[in-house]
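For clarity, chains are labelled A, B, C and D in written order, and residue numbers in each chain start from 1.
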Amino acid sequence: MTTALILLLLAVGAYLVAVIEAWTVSGRWQLAAPITAGIALLGRESIVPRKLDRVFFEVAPVLLLISALLAATVLPLTPGLIITDLATGALFINAALVYVLVALLMAGWGPNGAYAMIGGWRFLGQLIAYAMLIVMPVTAVAMRAESLLTTQIVTSQADLWNILYQPLGFVLFFVAAMALAFLPPFDLTTATSELAGGVEAEYSGVRLAVFRLGRLVLVITLAATTVVFYLGGWQGPWLPPWAWSAIKILAVTALMLLAGRVLPRIREADLLNLCWKLGIPLALLNIFVVGLQVLVWP
Amino acid sequence: MIVGARQGKLSGLRQLVAKAMARELTGFLVPGLDIAHAQGLDVEAAGVRLVASPRHASVLMVAGDISPALRNAAAIIYAQMARPRALLVLGAGGLSPLPSADVTSELSQPGLIDGIAQLRIAFAEGAFRPEVTDFDAPMLHVRVEYTCPMHPEVVQDEPGSCPKCGMTLEPREASANDVDSHPHETHDHHHESHDHQHEVHNHDHGSHSHHHEAHDHDDHESHSHQHEAEDHQAMDHSGMNHGDMDHGSMDHGDHGDHAFMSMIDVTKDLPRSSDGLPMDWIDVPFGPFFPGLPSGLLLTLTLDGDTVAGSSARTLTENVALPHHSALEPLSFVARLSNMEPLAPLAYRFLANQAMENAAGIEITTVTARGRVGALERERITSHLGWLALFGQQMGFGWLLRRAAALQLKFRHANEQAIMALKPDIESLIKRLRRTPLLKSRNAGIGRLVQDNALRGPVARAVGIDNDARSTDPVYTALGFKAISRDSGDSLARLQVRLDELRQSLALIDAAGTIELFEPANIGLATGAGEAFVETPRGAAHLRLTLEKGLVVTAQLETPSTHHLTLTDSLTKQQSLGDALLAVGSLDLSPWEIRQ
Amino acid sequence: MAMISAQTFFISFFGLAAVWFGVVVFRTHSMMRSALALLFSQTAIGAMFIGMQAEFLGVLQIMMMATEMSIMAIFMVMFMMDPGGLGKMDMTHQKRLSVITGLVAFVAIVAVAVFTDWGPLAGSVPDSAQQTEDLGLELMGRSMLIFETAGLTLLTAMIAATAVAVEPIKRNRD
Amino acid sequence: MLEQYGLLLGLIVGATGFVLSLYALARTTGKTRQEPGKDVPATGGQLSRDPVWVRYHARYYGYALLFLAFDMEMAFMYPWAVVYKQVGLVALLDMGVFLAILFLGLLYGWSQGVLRRQ
């Protein structure tokens, strides 16, 4: 029952992401557009390129969707509304989301097309840049919560949300989450003006629909993860828990989507440089600072 | 009814999806966004979402007439779109080899909106049809040529062995129509010899027959692989019809010490990358319809991973026909020159006018001259804004794309008052760009040029060369013109120069006080020779012509983009793909004025 | 009892999947397939750990192997001839020797598995949160030296990797 | 505990089933028509038929090698983070030494020019 409810909420979330994304692009609220666009894709041909790696080509969109879905299973929306409260929740999210990389590598290699392949390998470079900025801040979150349970992470923020307790960690995590969801300005892997769609370029019709759905679920999942880790999850005054979760998740989503509109795409070399020469030292500093905070100010 | 409809009766689910498709049109724009903006089209406002890959598009939109080479390219785009696919043609006639247009309309925003409304109806009613035919065009077919795996310069039509090393040649596919793309010694293509490539679609094979299977040589290979792939044989390879690789010395079996293949042997002939690693390089075309690059420009990059190892650039606009052969009426000469360049028609119109006036010895009045200055500077503003929009698209900077394009549309036909009223908008655009994070790191140091005589216009002025045809023009100097320059010579400097020139042009329009497009002076039956320089938005263009009894008999045109095109190779070499494309984009090439 | 059998079923299922993916690693011509088959083989092993109620270990395995094997994939595509397997080149050599070595190793491992005295069967497993905590306490306590040694080993690996990576560039520069 | 894992497995199967049923639904609108040139990867108006599965030169391999070490290190970080508060200062020092060693590796790689586009 909970599972069905959360899956439904995820679907609604994915729909809202699509609506917000269209709004950041066109400035108009087109409420029916995601649904009609999805139906239209169902009726279009789904071209299979020749000389492809068929297994990779077929598995990639499904794997993207599954990995985003699995990450969402350990995120609590209200105290009871969670699919599985795994004891290794925070680690499990990372584990599931790493398969986004695997899916994109498959989508890149599969069609045997130049744009897609470059896009796929670019994402591996992107992972090398952002991955440490996901796991290190999450470690700092777990230090405070003394647990990897996501529910416990939320309750550990009862006095003070992590965004204030470890702002540095939040900034690093937020940026890395955007890179993980290959949202602009980190859309190196799907860059329209460099790779004409990159890993998405060879997908059409229903396969493209599944790929896009996976991407939308990924964005909403990452927004929810940010809320659980840094914005106190369902907690907040006056309103019921579910409302707080919804408001926070949508706000984070909008922020993620808007950032890309007002920034030019980052260069791959700059991304790697920034993440390794600035990001990782800062992430280590964050762990150290949080370590001291936890000891002196329990 | 749509020519590119899907097969099937329009009923049930199909009716639903057809309605959805009619609402959600996705378009691939030919020749490109830059031309559409210059023609005053706002496609997104008209309700079609533009996409970057033909796979994602349901409508191929052709804006204006295009050259045969571009038509061929457009036909390939059309062939690669998923059905149902429609063809919307704005302001052009037959576009063979493209099929007949599903909707035609005039080349204007109302025409576009009207055409899209018709398209929606066509989709709702005709996205599915009981009978459809395949789209076919000559250049979609495959010619198989044979090449040596170790000596790529060896290319021939017949199987055999390599004259250099004796290895068995491997089949490789090439487009049927780019016969002269391999100017090699061993190369002897004759159209007649490719009869095999035309027995292509055997639809009896089921839906997945492949059109290169007519070769005895590799028949067994490609057949079996295609079908295995269809059967979802796990982890099995779909076929590359490479035949069986008889790699001579690389043949390794079960025999002792020779068993290990020596990486040094195998890789010694591969190209070396900058870090000394031997890698395979691939040629990847970018264009002629590539989002973010000037439309009509075909940039072929040799990629070593995502680094550019070499490049070639050429235009497919085929704008070479100036009157060499037959004499032209002055008016049609002016029209031809200004139609040639849709991105800066006025500059070329004035160029033709001035050259003819000089040849005929006609003095123009200050009022006319000032009116021209106003019009030319307005065009510079729209052209620079158009470049900014394209550059914004290239950088993945959506805000800049939309903002610059919106301003460009407003400036297109604005009069002096309207232009002055738009001044704050330009100022706020410039201010915003100055404050945008990442913009500097994205552009600084990219595409750095050194001083060079080939440079023109903003590209030259960004290196610190004070090269501006306006500096010597008395009309401009009277208006207080002083050329702007920067000296770092990179993409950022070019951006800054163009932003400064936006301001400067506004000031010049203010000073000139008028924008008027006077008719060309009547040159009567004059005879003589004359030349003119006009500073187009991309740099000084030079026209030399001779008149005979009032007709233009010879004309020589030199354009800035022709010079700049030669820079692409040095700008892209050893750059990452993104930087290389940005460097090319920052040149503001116009493929329409390139004369090769 | 039904629960146990389901557990056994899934452990064997993932075990077989791991073996099958492992076989695919060597049966394919494509480097990319080879690398990703190894990836999924490792994922299946991770799933086996989870099936054995070693949740932390399993999830860690599933996470780490995905990135490590993807990085292996790029190195394979960088350095192997014909990474797409288009030429259907045979990647094996010294077949007889490898078959014999493989068989001997297999028999040895099976022998170790069968003949070792593994002690009494554990009656119950600590819950997974407890497992993680125990692991942490172990690292901070008895195994601290091992843990720090691991750090040094990683440092050595990093220095070695650095040396390997910069060597060709230096050689090229000279 | 095991039921939770079963649920996750069920989700994987369910998602796959959902996608397959979508494919089946899309299939009712018709088959993909095979036409010349259609299945060649799309490259902006040129038919680019050469295979692209060649040795790909990734320029981030220096980072990739260091990344492997950092990825390994994370295996120790999570259990440590969970017991950190409980163990206290010892844990901070312990991990401090461990991370310092790793950071040393990062600095070494940095100084040798691994951290750049090769």
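The working rule: contacts are C-beta pairs under 8 Å (C-beta built on N, C-alpha and C of every residue); 3 or more make two chains touch, one makes a residue touch a chain.
The structure presented is a predicted model; accordingly, all values stated were derived computationally and were not measured.
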Note to self: Give me the set of chains touching chain A intersected with the set touching chain D.
What the structure shows: B, C
Next item on the list: Remove chain B from consideration and name each group of chains that's still held together by touch.
Entry: one piece
Check: More C-beta pairs touching across which pair, A-C or C-D?
Finding: C-D
Notebook entry, point to check: Relative to chain A, which chain has the most distant C-alpha mean position?
Noted result: B
Next item on the list: Would you mind pulling out the distance in Å between where the CA atoms of chain A average out and where those of chain C do?
Entry: 27
Next item on the list: Go ahead and note the Å separation of the Cα centroids belonging to chain C and chain D.
Entry: 16
Check: How big is the gap, in whole Å, between where the Cα atoms of chain B centre and where those of chain C centre?
Finding: 48
Notebook entry, point to check: What is the distance in Å between the mean C-alpha positions of chain B and chain D?
Noted result: 35
Notebook entry, point to check: So which stretches of chain D touch two or more other chains?
Noted result: 25, 29-30, 32-33, 38, 40, 42-44, 48, 51-59, 64, 66-67, 71, 74, 78, 80-84, 86, 91, 106, 117-118
Checklist line | chain B residues counted as touching two or more neighbouring chains | finding: 6, 13-14, 17, 53, 55, 80, 82-83, 234-235, 237, 240, 275, 277, 279, 282, 284, 290, 305-306, 576
Notebook entry, point to check: Which residues does chain C have that touch at least 2 chains other than itself?
Noted result: 30, 32-33, 55-56, 60, 67, 71, 74, 78-79, 81, 84-86, 127-128, 132, 169
Next item on the list: Spell out the residues on chain B that touch chain A in their complex, using ranges where they run on.
Entry: 6, 13-14, 16-18, 20-21, 23-24, 44, 51-53, 55-56, 58, 80, 82-84, 127, 210, 229-230, 232, 234-235, 237-240, 282, 284, 290-293, 303, 305-306, 392-400, 436-439, 441-442, 576-579, 581
Item checked: For the chain D and chain C complex, residues of the former touching the latter -> 1-2, 5-6, 9, 51, 53-58, 61-62, 64-69, 71-76, 78-84, 86-87, 90-91, 94, 97-98, 101-102, 104-106, 108-109, 112-114, 118
Notebook entry, point to check: Residues of chain B touching chain D in their complex?
Noted result: 6-8, 13-14, 17, 53-55, 70, 73-74, 76-77, 79-80, 82-83, 128, 132, 134-137, 139-142, 172-175, 200-201, 203, 207-209, 211, 240, 270, 273, 275, 277-290, 298, 304-307, 576
Margin query: Help me check something: in the complex, which residues belonging to chain D touch chain A?
Written below: 4, 7-8, 11-12, 15-16, 19, 22-23, 25-26, 29-30, 32-33, 38-44, 48, 51-53, 56, 58-60, 63-64, 66-67, 70-71, 74, 77-78, 80-86, 88-89, 91-92, 95-96, 99, 103, 106, 110, 115-117
Next item on the list: Report the residues of chain A in contact with chain C in the complex, numbered from low to high.
Entry: 53, 55-56, 86-88, 91-92, 94-95, 98-99, 101-102, 105-106, 109, 112, 121, 124, 127-128, 131, 147-149
